[in-house]
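Chain IDs A, B, C and D follow the sequence of writing; residue 1 opens each chain.
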Amino acid sequence: MAQLAWLVPLFPLASYAVLAFRGRALGERAPYVAIGAMALSALLGWGAFLEQVAGAPPYVWRAVWAVGGERTLTVGYTVDPLSSITVAMITLVGGLIFVYSVGYMRGDPYYARFFAFLSLFCAGMLTMVLANSFLLMLIGWEIIGLCSYLLIGFYFRRRSANMAQMKAFLTTRVGDTLMLVGIMALFWQFGTVDYHAIFEAVREGGESASAVVRLGGWEVPLATLSALLVFGGPVGKSGQFPLHVWLPDAMEGPTPVSALIHAATMVAAGVYLVGRAYPLFFYTPHHEALAVVAWVGTLTALLAALMALAQDDIKRVLAYSTISQLGFMMAGLGVLGYAAGLFHLLTHAFFKALLFLAAGSVIHAVGTNNIKEMGGLRRFLPVTFWTFLAGFLALAGVFPFAGFWSKDEILLEAYHHAPAVYALLSATAFLTALYMSRLVAYTFFGTYRGPAHPEPDPWTPEDYARAGLHAPHHGHGTPHESPRVMTGPLVALAVGSLVVGFVGIPGTGPEGGSWIHHFLKFEGFKEAGIHAPSFSWPLALRSLGVALAGIAVAWLVYGLRAVPSERIRAWVGPVYPFLRNRMYIDALYGWVFVRGGLLLAAGLRWFDVHVVDGLVNLVGGVTVVTSRLHRLFDTYVVDGLVNLVGWVTRGLGLLLRPLQTGRAYNYILVAAAGLGLIVLVSLWRL
Amino acid sequence: MIGPAHYLGVSALLFGLGLYGVLTRRNAVAILMGIELMLNAANINFVAFTKFVDPTFVRGHVAALIVITLAACEAVVGLALVINAYRHLETVNVDQVNLMKG
Amino acid sequence: MNAEALAFYALAAMVLVGGFLVVQSRNLVHAAISLVPTLLGVAGLYVLLNAEFVTAIQILIYVGAITVLILFVILLTEGATGLRVRQRNEQVPLALLVCGILVVLFLVVLLRVPWGPPTGPMPAYNPGAVGRSFLMPYVLAFEVTSLVILASLVGAIVVARREG
Amino acid sequence: MGLGGLLDALWQVEFLRMVVLAAVVFTFLAVGGPLFLVLAERKISAWIQARVGPKHVGPHGILQTVADTVKLLQKESIVPHRADVVLFTAAPVLVAVAALLDWIVIPFAPGVIVRDLNVGILYFAAVSSLTVIGILTGGWASNNKYSLLGGLRSAAQMVSYELPLGFSLLVVATLTGTLSTVRIVEAQPYPAHFYPSVIVAAVVFLIAATAEANRIPFDLPEAEAELVAGYFSEYTPMRFALFQLGEYGALLASSALFTTLFLGGWKGPFALPGVGPVVDGMVWFLLKTYAVVFFLMWVRWTYPRSRIDQLLNVSWKILLPVSMANLLVAGVLVVLG
C-alpha cells in the first residue's frame, strides 16, 4: 500500500482535470467523479495508514529531479505514521464534505467548477502531506493557497468575496514569502531540500548545522533563523497572530469550503508542517524556535477566543474559534507536546468540520448568517441540532468527546513544561466554552426571530440561464431540515467527534500511555531525556471544570438571561466594541499597509512626474542638439562607409553565388570531402 | 583468420559504393538505395564491433536493429515523398525538383 | 583457407558485386533487384558474426519489405519507362575522386588500429540477449524508436494520400 | 592449406551434413511437393465436383503429373519480345529457391532437421518474404501489362498478409518462450495447445498462409479471368514448372509449419510398433501436414474468389487488429503465468 501512496494525490488531480475540461457536460453528475476519485484516494490512504498502524516501517521513495553542480533537488513521498494518519483524516473528512456539498451546492450554476476546485485542493493537500522534501511540499502548499483563493471568491459576483479572496491571498503570501526564504536558506545551508537529510544534519549538529549569521551585532544561529522563517508559512496559512486577519473574511466562500479548507485541512497544513519539520525547531539551542511557536500559538488562541465572543455571524464565530484552536495546536507543539498538538489537529478536523457543516445546514435553512436572527432552531432542525451539540461539546472539551482528550493532552504538556502557557490556555478553554455556548443559545434556543436581511442570491439570472437552470425563488417560511445527503455526513462526523478521541485514552497504548502517543512519537525526546507527562486526574478534572464553568456562565447570561448581555456590555465599556471590531487589527493593517501602499504609490508617482520625467526631458534636449551635429558626420562619413560595405558584400555574393546551388548532392559531396579531411587530419595526429 | 579489419574493410567499400550512388544518381529512388547501402555498411560495423570488441550486452546488435527500423521508416517516408513529387511534378529526378528556387 | 574465410570472401564478393550493380545499373529495376544479393550477403555476414537475430530481421525488413517497397515505387513512377533518361548528374568524376579517397582513408585507418581481444564472451542465446538489452538498458531508445515508427507511418499516409 | 584441411574445415561447419540433408529434403519436396500435390489437387477437386479426375496414366492416373512433367520438359522455352532476359530467367528460380529455403527449419522428427536455428520461425517468415521479390520481378520482366499488374497485386497482398502471419508466429513464440522450431515442438503439450489465443493465432495463420500462397479465395494475383493468369502468364514450360514448384513448395511448407507450431509436430497419439522414434515422428508429421494440405485444397474448391479491396480489408482491418490484440493477450497470459 505504501508503495502505491503516490497515487493518492493523483486521483483527485485526475478528477480535477476531468471536471475542468468536461465539467459542463457532466452537469449534475460532476460530484460522482470527484467523490469517486476521493473514495479511491481514501482506499489507498487508509490502506497505507492501517499498514502503519500494524507496525510497518516508514516507507520513503525519492527520485532526483534536477542536478545542479554538487547539489541535487529530490522529490518523492514518505509514508510514516504522521503523514499516513493525516492522509487518512483528510480523505475521510474531505470525502464526507464532498458528499455534503452534493446537497449544499445543488442548483448552483457553477456546480462542476466547485467540485473541480475541491478536487484540486485535495490533490494539493495530499501532495503537501505526502511530500518528503521542502520543494514538493512547497508545490502542494502553493496549490492549496491557490484553491483557497479560488474558493473564497467562488461567488465572484460579490464584491465582498473578491475583497476577501484578495485579502486571504495577500496575507498568506507574506508568510509564504518568509517560508520560501527559509527554504532557500536551508538549501543554502545543507545543500538539499530533502526532509530526512536536513533533519539528520540538524540532529547531528555538524558544521553546517551550527552556522551563524550576524544580524546587526547579534549572532543568530542560521538554523534557528531558517526555522523561524519557515514558521512564517504556517503563521500565514494557519491564521496565527499577526497574520490571522484573513481567516474570518474567508468565510465568504461556500460553507463546505469553510469546513474543508478553512477549518479541517488547509489551515491545519501549517500545524502539520511544524509537526513534520519538528526536528528543525526542536534542535535549536534551548529549543528557542519552539518557544516562539508556543508563544505565538498561545497568544493567538487567547486573542481569537476573545474576539469570537463579540461576533454575530455564525461562521465568523466558528472562524475565530478555528484560529483559537490552531493556536492551541501550535502551543501544544511548542511546549514539547508533539503528539498532543498533532492529536488535537486530528480531532479538531472532525469536530470543526462538523460544526461548519451544521452551520451550513442552519444557514441553508434560515437564509442568514446572523445568530441574532435565528433562535429556537432545535425544533425545526433536530438532526442539525444534535450533531451541532456533539461538535460543541467536543470543542468545549467536555468528557468524553474528542476535544476533551486532545485539549487535555495539550494542557497537561503545558502544565509540565510552561506554566504560564498553561494559565493562558486554561483561560482560553474557559472562553471557548463561553462563546460556543453563546452561539448555541442564540441559534438553537429561545424563539425563532426570522431573518431581517436574508442573504442575497450570489448569482444573477444570466448565470442560471447559461447553466440551463432556473433561479431558485427565495421564500423562506419556516426553517426546514436539510436533505439526507447533507445530514448523513453530519451524523458520521458527529460519531467521529465522539470516538476519535478514544485513541487518546490513557492505557490504550503500551506502558500506560495512550495509543496516539505511541503512534506519533518524536524520537528526539527520548534522546534528550524528555518524558511525556503521564495523565493526571486532578488536571483533567480541572480542565473539565473550566469548560463546564464556561458553559454555566453562558447559560446564565444567554439562556436564562439572569444577567442580560446588554448589561454586561454596558459594564465592560469600550471592551466590547474593541473585541467586536477585531481589536482594530484589520483596521490597523488597512491604515498602515493599504493606505500606506497607496501613499507610497502617490509619492512615487510625484517623483516620477517631476524628477524622473525632468531628467528624461533634459537628456532628450541634449540628445537633439548632439544629433544635429551627428547628422553631418553621418551623411558624409558613415553612409559612405556603409555603402562601401554594401558594395563589397554584393560583389562577394555574386562571386559566391554559384556555390549555393540548392542541390543536396552538391552539399553532400562537400560534406563527404570534409569528412575525408577530418579523417586525414586525425590520421596525421594518430 | 577473419578479424574485425576484414569486416570493416567490406563495410568501408560498401559505404563508398553507397556514397557514390547518393552523390551521382539523379533519381530519388536510386539515391534512397544508395543510402540503404550506407546504412548497411554502418550496421556491419556495429555487428562486427559486437563480436570483436564488446560482446557482453550485444549493444551493437541493438544499434543495428534500431538502424534497420529507422531505415524502414526513412524508406517509407522518402518513398511517400517521391510518389507525391511524381504526382505533382511528373519527375523523380532531384535536380528537377526545384520549385523553391527563384 | 578455412571454411569461415571461404564463406566470408564469398559473401563479401556477393555484397560488393551487388552493391556495385546497385549504383551502376542504368536500369533502376535492375538496381533494385541487385539490392537483394547485397542485403542477403550482409545477412550472411551477420551469420558469421553470430548475430542470428539481426540476420533474421535484416532479411525480413530489408529484403522482404524495403526492397519490395522500392520496387513498387520504381514500378509506380518512371522506373520502367525512364530508361532513356540521363541517370547521372554532372559531378561523377568529382564524386568518384572523393569516394575513392574516403575509402582509402577508411582502409588505412582500420589497418592501423590495433585490435585487442573482445572484452567478454558472447551471450549464448542471441535473441534472448538482444531482447534483454532492448528492454533493460535501452528501453528508452526502444520506445523512442516506436514513436518514430508511428510518426513516419502517419506522415507517409498523409504525404502519399491523393488530395481531395 | 591442402585439400585435406579444406575437407576438414568443411566438416567442421557441418557443411557436408547439411548438403546431404538438404539434398534429401529437397528431393522429397520435389517429389512430395508439386509432383504429388498437383495430382492430389486434381483428384480432390474432381472428388468435390463429383468428377473422376485423371485416370488413364498409371493406375487411377497416379502417374499423370509425371507425364505432364515430361511433356513440359519437352516443350520449347520462350522468352517474350523485349523482355528482360536476365530477370525473366532469374525470377522463377528465386521463387523456387525461396520456397525450398523454408524447409531448413522444419523438424520432421526428433533430430531430422536441416538446421535448428535459434531464430527458426523468424527465419521462416523472412525467407518466405523473398518470394514476393521473385513474383514482382517476374511480372515486370515479362514486359506484359497483365503480368505487371498481377505482380504488383501479388506483392501488395503478400506484404499485407505477412503482418498477421508474423504476429501469429509471435504468439506461439511468446507462449513457448523460444523461436526455435524444435523447441517449440518440444514445449507443446500433445496434441495441441487449447489456449484461446493459440486457437485464434492458428486461425489467423491459416488464413494468412492461404493468402501468402496465393490460393483461392485469395488468388487475385493469378486470377485467370481478369489477368490472364497474372505474373506467370508469359512463362513457358520449365520456368512455369519452377513457379509451380515454388507455389506448391510454399503451400507444403506453410502446412508443415502449421503442424509444427499448432499441431504438435512429430508427436503422435501413440508410438508406432517396431520402428524407431525417427520413422515414427516422420509418419505422424507427414500425416498431419498432408491433412492440413487437404484442408486447404478443400477450402480452395469450396469458396469463390474475393475482390482485391475485400482482400486488403480483411488483412488490414480484421486480421491485423485481431492478431495484435491476440499477441497482447498472450503476453499478458505469460506475464501473469
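We adopt the following convention: contacts are C-beta pairs under 8 Å (C-beta built on N, C-alpha and C of every residue); 3 or more make two chains touch, one makes a residue touch a chain.
Predicted model, so just to flag it, every value in this text is computed and none were measured.
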Between B-C and A-C, the pair joined by more C-beta contacts: B-C
Centre distance in Å when chain B and chain D are each reduced to the mean of their C-alpha atoms: 32
Separation of mean Cα positions, chain C and chain A [Å, integer]: 63
Distance from chain D to chain A - Cα centre to Cα centre, in angstrom: 73
Chain B and chain C: spacing of chain centres that average the CA atoms, whole Å: 6
Residue list for chain B, restricted to those that touch at least two other chains: 19, 23-24, 95
Of all residues in chain C, the ones touching two or more other chains: 4, 53, 57, 65, 72, 89, 91, 95, 98-99, 102, 106, 126
Inter-chain touch pairs (all): A-B, A-C, B-C, C-D
Touch list for chain B against partner chain C, complex: 1-10, 12-21, 23-27, 29-30, 32-34, 36-37, 40, 43-44, 47-48, 50-59, 61-62, 64-66, 68-77, 79-84, 86-87, 91-93, 95
Chain C residues within the chain D interface of the complex: 1-4, 6-7, 27, 29-30, 33, 36, 52-53, 55-57, 59-60, 63-65, 67-68, 71-72, 75, 80, 125-127
Contact footprint of chain C on chain D as seen in their complex: 1, 5-6, 9-10, 12-13, 15, 84, 86-87, 90, 94, 117-119, 122-123, 125-127, 129-130, 132-133, 136-137, 140, 148, 152, 155, 159, 162, 166, 179
Of all residues in chain C, those that touch chain B in their complex: 4-5, 8, 12, 15-16, 19-20, 22-23, 28, 31-32, 35, 38-39, 42, 45-46, 48-51, 53-54, 57-58, 61-62, 65-66, 69-70, 72-74, 76-79, 82, 85-89, 91-92, 95-96, 98-100, 102-103, 106-107, 110-111, 113, 115-116, 118-123, 126, 129-130, 133-134, 137-138, 141-142, 145, 148-149, 152-153, 155-157, 159-160, 162
Footprint of chain B on chain A - complex, ascending: 662-665, 668-669, 672
